[in-house]
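Structures given as structure tokens follow.
You will see two complexes here that share subunit A, one where it goes with subunit B and one where it goes with subunit C.
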Partner chain A sequence: MIQKKICMLGSFAVGKTSLVARFVSSIFSEKYLTTVGVKIDKKTLAMDGKDVTLMLWDIYGQDDFQTVQQSYLRGASGYLLVIDGTRRATLETAHTLHKMAQEVAGAVPFLVVLNKADLAPQWEIDDKGLWKLAEHGAAVVRTSAKTGEGVEETFAKLTRAMIGS
Partner chain B sequence: MTTPMRDPILSDTFHALDLFVAQRLPNSSFVAMTPPPRWLTRFLSSAAEGTPVTIVQAFPFLAGFLGEAEAFWRDGTARATTSGPFAVDDAEGELLLRAWALNVGVNTLLVLARLEGEADARPMLQKARDNALAHERLLRQIKIAKAAVEDVLRLTRDTLPSGPSPQHSAFLDDIAAAARRAALALSGEPPKQESSE
Partner chain C sequence: MTDRAVLPPAPPADGLPARDDPDDLTSLRAILLGPTEAEIKRLRLRLDDRYSQARDVSAVLPQALVQCSSDPELARALAPPVEKAITASVRRDPKPLADAIFPIIGPAIRKAVAASLAAMVESMNRSLEHSVSWRAITWRLEARRTGRTFGEVVLLHTLLYRIEQVFLIHRKTGLLLQHVRAHSAEVADAQMVSAMLTAIRDFAQDSFRTTAQDSLEAFEVGELSVWIEPGPDAVIAAVIRGNAPKDYRRTLQDAVERVHLQFGEPLASFDGDAKAFDAARPILEGCLHSEFRSGDAPRSRLLPILAATIVIALAIWGVLAWRQQSRWSHYLAALRQEPGLIVISSGRTAGQYRVSGLRDPLARDPVTLLAESDLTAADVAGVWEPYQALGKKFVVARASRILRPPAGVTLDLHDDVLSATGMAPPAWIADAVRLAPLIPGVSRFDATALLRAQLDTVVRQIEGVTVLFARGTTQLAADGDAELRTLAAAVRELERLAASLGRTAQLEIVGHTDGDGDAASNLPLSRARAERVLQALEPGAMPHLTILPGGVGSGDPLRHGDAEADKQQNRRVTVRVAAGSLQPEGSPGR
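And then the complex of A and B:
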């Protein structure tokens, strides 16, 4: 059995916990409940004939009140940088966390997740705004934890990159 | 192998405080020094006093922390280091926990605590982040309102030179003045005295 640690990174209220809940339990709640500390969920995927257990580290959102500790990122096989499409400021936080993740975890696979696709008409971030991340080789995926759009595909894509298949 | 230290009074005290204390042995295994609090028994199948406990299987989050704590224990100079809070699900909902690695004399200890009441930062952070989100929404609304005010001002400026009637001019002047006041209020700058001309 292969086991991989994935860190969910991003500003507060971008939907990290909701993405995990959608992926692991197929549920979604409109109510915003902030994450304090770290919560770990796991899910096993069958990928190209191999069972891969994903340890999903849902790390609290970075803001003025809590700064992400580097130790949480150690041993990560990959990470998702989650951005709220309706809040431009969350892109800057993603840049900061991306740098930290690269320092601590090294050049592991990651994806930029533009979440809240169901609110696309209210988005403040366009493709141009994602250019800075994309130039570092980041693939950008669009998701909605609310509708489930892109969620399974995102985790599958990252898993594939992590196991190198 | 070091024999786990025993002190019934301390053990009862820690239990009364709802804390779990385990001693780290030189082979990096852990032995329970206190009876497990009720919240812990759901996660540890065996945690009776004096028995070995398997912390990492119960709390995968602690794998990283214990790795760092090993260096801390080996060094032995500092008194305490903490894991930061972590959350786990149980039948009663989400529990917020925290671990400490301690050097007490020659003993190396691991303490697990459930964060409740004032130690549980969730209600405070929830309020702070709800307020931060509300503030962000307000800033977005102000931006939209300012753009609308700018539109009114521009339309007013464009219309006035085209020769409106005196009645229209007075009306447009009033709109422009109101728009300027609104723009000033939205900008957050202190109000200025309007000219009486």
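And then the complex of A and C:
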């Protein structure tokens, strides 16, 4: 069985924990997020005939990204940059977190997750902002942790990119 | 002889071939390029020949393998075909591979068995040590109070320390490489624990801004502590219950060093597949230590002896009790099978077996059955109340004791009717008929067989009597009176028996004369002699008998001689019981 470490990055309240909760049934309490700064969950996917166990590191997000424990990013095989479509500021934070992740984890696969698709009419982020990310080679996916839209596909896509299938 | 196609033509004076002569050009090309073309052709043939290719590759393959033996790509490339080859070989015939690994497997199995036995013996010793003592009692109470098993409570009180789990964690990613645990240790999701341990280490390191060399080495949670021993690429974490000695840290350090020594390349190139680290299990299992508190030396020696003595005594007592119980069961079964005995209750009181019930006086004495079950009268107290069994055997025996049948008379019982066969005096028969209904199990006495036997005797007696007469008269001969009295008595007995049986009989009295005189006088004389006997028999007092007198003259002589003795024997009267006689009373024959 193959194991892969995935980090969930993003500003506070962009929906990282909700996305993970949509994807797995957690056994650890969310209090770890505010104490240790990370909550870890596990999900095993069958990908092209192989079992891949994803260790999901849901890293506590604050708008002040300096407080993010950089060491948690170490050894990640991929990460998700989660943005709240209704808050433009989260896009800027994602840029910074992306740079930090690249410095710590290296050039590993990642996806930009535009969350809260269920609130699309209220989005503050336009295509121009997303193009900026695309210039860095980022693939953008739209999700809604509330409705489940795009959640499974996002993790599957990142996993496929990580194992190179 | 030369050939232009083979030998090039002589060159012209300027050394160049003639431009317009194709043969010359061909010859020139053959001279210049012929060897090269031949070499190319040879090489092409060699490249197209698979056999040659195989030979060339086989010549350089060993050297190539040696040169790239340190390249992990080679191991990765060879692994799938080697695995398939081994799998196919084992499926085809597992014996060669089994023979090959036998020298490894044998010692490994012996070592595993020895380790299991040692653990079992240690466990038994601990159980014995703590099975009989005041401390054990208090621990049992604690186990009941806390809901834990006794074993868990003993473990908690006697445990100095036990390494319950050992994790091998990839340092950079926090992913679990391998995990082992002690028997019965409770384990959460090892992968999650591995990741959280890494996160906690990172958290501690980042929070206190320590250097990379200064990392979290241990933390305590309740009864547990976690010791972490980092290496360059992997970390070993041991979950410890109790207080491990300080030198256990050295064990972890050795393990980390061995892991890096043996798995340096897989650690450096780890990409999430932990399969290579299955081989690290023995190293981690070597870290699963435990140590228990030993009790007082004298007690630890005495208690097992005491426990063993108790166990042996209990075993002996059990065997003896089982044997005695088996004997008792056998005795009860024998009592229940014995006719004339009814077991009502049984049991054991004050160390003695007790049985009570009913016993026919004619039944076998229960005491005599004790010996057959290896019991003595002292072992069993029996209380038997008398009763009369109604089984055939007992009824017949009881009737024999009461009626005392004469010798030759045999009693039998059928449907509550007592019967007898043989010859019995009438008085006994009369007593039997009177007394038999008073015997339990007998409704009446059937004397038919006895009376029939007597009837046959009387008939033979009557027909055996010959009454002789004087010559030419109806006067009895010298012994005639005695014969006549005998006959009369037999006929009276016949009348009595016929009356008893409810039957009737017909007797024919036949008179005879000797051959003297003529037939005209002899026939009336013979009839007169029959009448003479009839009168003596007093037929009026015999209602069950029909007696018919008759004479045959000299027509049926007993003897044919002319001597007086012969003639005397012919002057006679005989009595015959008619065939078909002795019909039931009221039948048409009467």
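The rule is short, and it goes like this: the second predicted complex is superposed on the first by the 150 of 165 C-alpha atoms of A that agree within 3 Å, B and C clash if a C-alpha of one lies under 4 Å from a C-alpha of the other, contacts with A are read in each partner's own complex, and residues count from 1 in each chain.
Keep in mind that, in the parts below, a contact is a pair of C-beta atoms (placed from the backbone, for glycine too) under 8 Å apart; a residue touches a chain by one contact, two chains touch by 3 or more.
This one's a predicted model, so the numbers in the text were calculated from it and none came from an experiment.
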{"item": "Touched partner set for A:R87, first subunit B, second subunit C, both or neither", "value": "first"}
{"item": "Partner chain in contact with A:F23 - subunit B first, subunit C second, else both or neither", "value": "neither"}
{"item": "First, second, both or neither for A:T53, with subunit B first and subunit C second", "value": "second"}
{"item": "First, second, both or neither for A:F155, with subunit B first and subunit C second", "value": "neither"}
{"item": "First (subunit B), second (subunit C), both or neither touched by A:S77", "value": "second"}
{"item": "Touching partner for A:A13 - first (subunit B), second (subunit C), both, neither", "value": "first"}
{"item": "Partner chain in contact with A:Q69 - subunit B first, subunit C second, else both or neither", "value": "both"}
{"item": "Which superposed partner A:V36 touches (first subunit B, second subunit C, both, neither)", "value": "both"}
{"item": "Overlap of the subunit B and subunit C footprints on subunit A, listed as residue numbers", "value": "32, 36-38, 40, 42, 55, 57, 69, 71-72, 74-75"}
{"item": "Residue ranges of subunit A touching subunit C (in the complex, touch as defined)", "value": "1-5, 27-28, 32, 36-38, 40-42, 52-53, 55, 57, 69-72, 74-77"}
{"item": "Of subunit A, residues touching subunit B in the complex", "value": "12-13, 32-40, 42, 55, 57, 61, 63-66, 69, 71-72, 74-75, 87, 89"}
{"item": "In the complex with subunit A, residue positions of subunit B that touch it", "value": "60-61, 64-65, 67-68, 84-89, 94, 96, 98, 120-122, 125-126, 128-130, 132-133, 136"}
{"item": "Subunit C residues within the subunit A interface of the complex", "value": "170, 172-176, 189, 191-192, 195-196, 199-200, 202-203, 205-206, 271-275"}
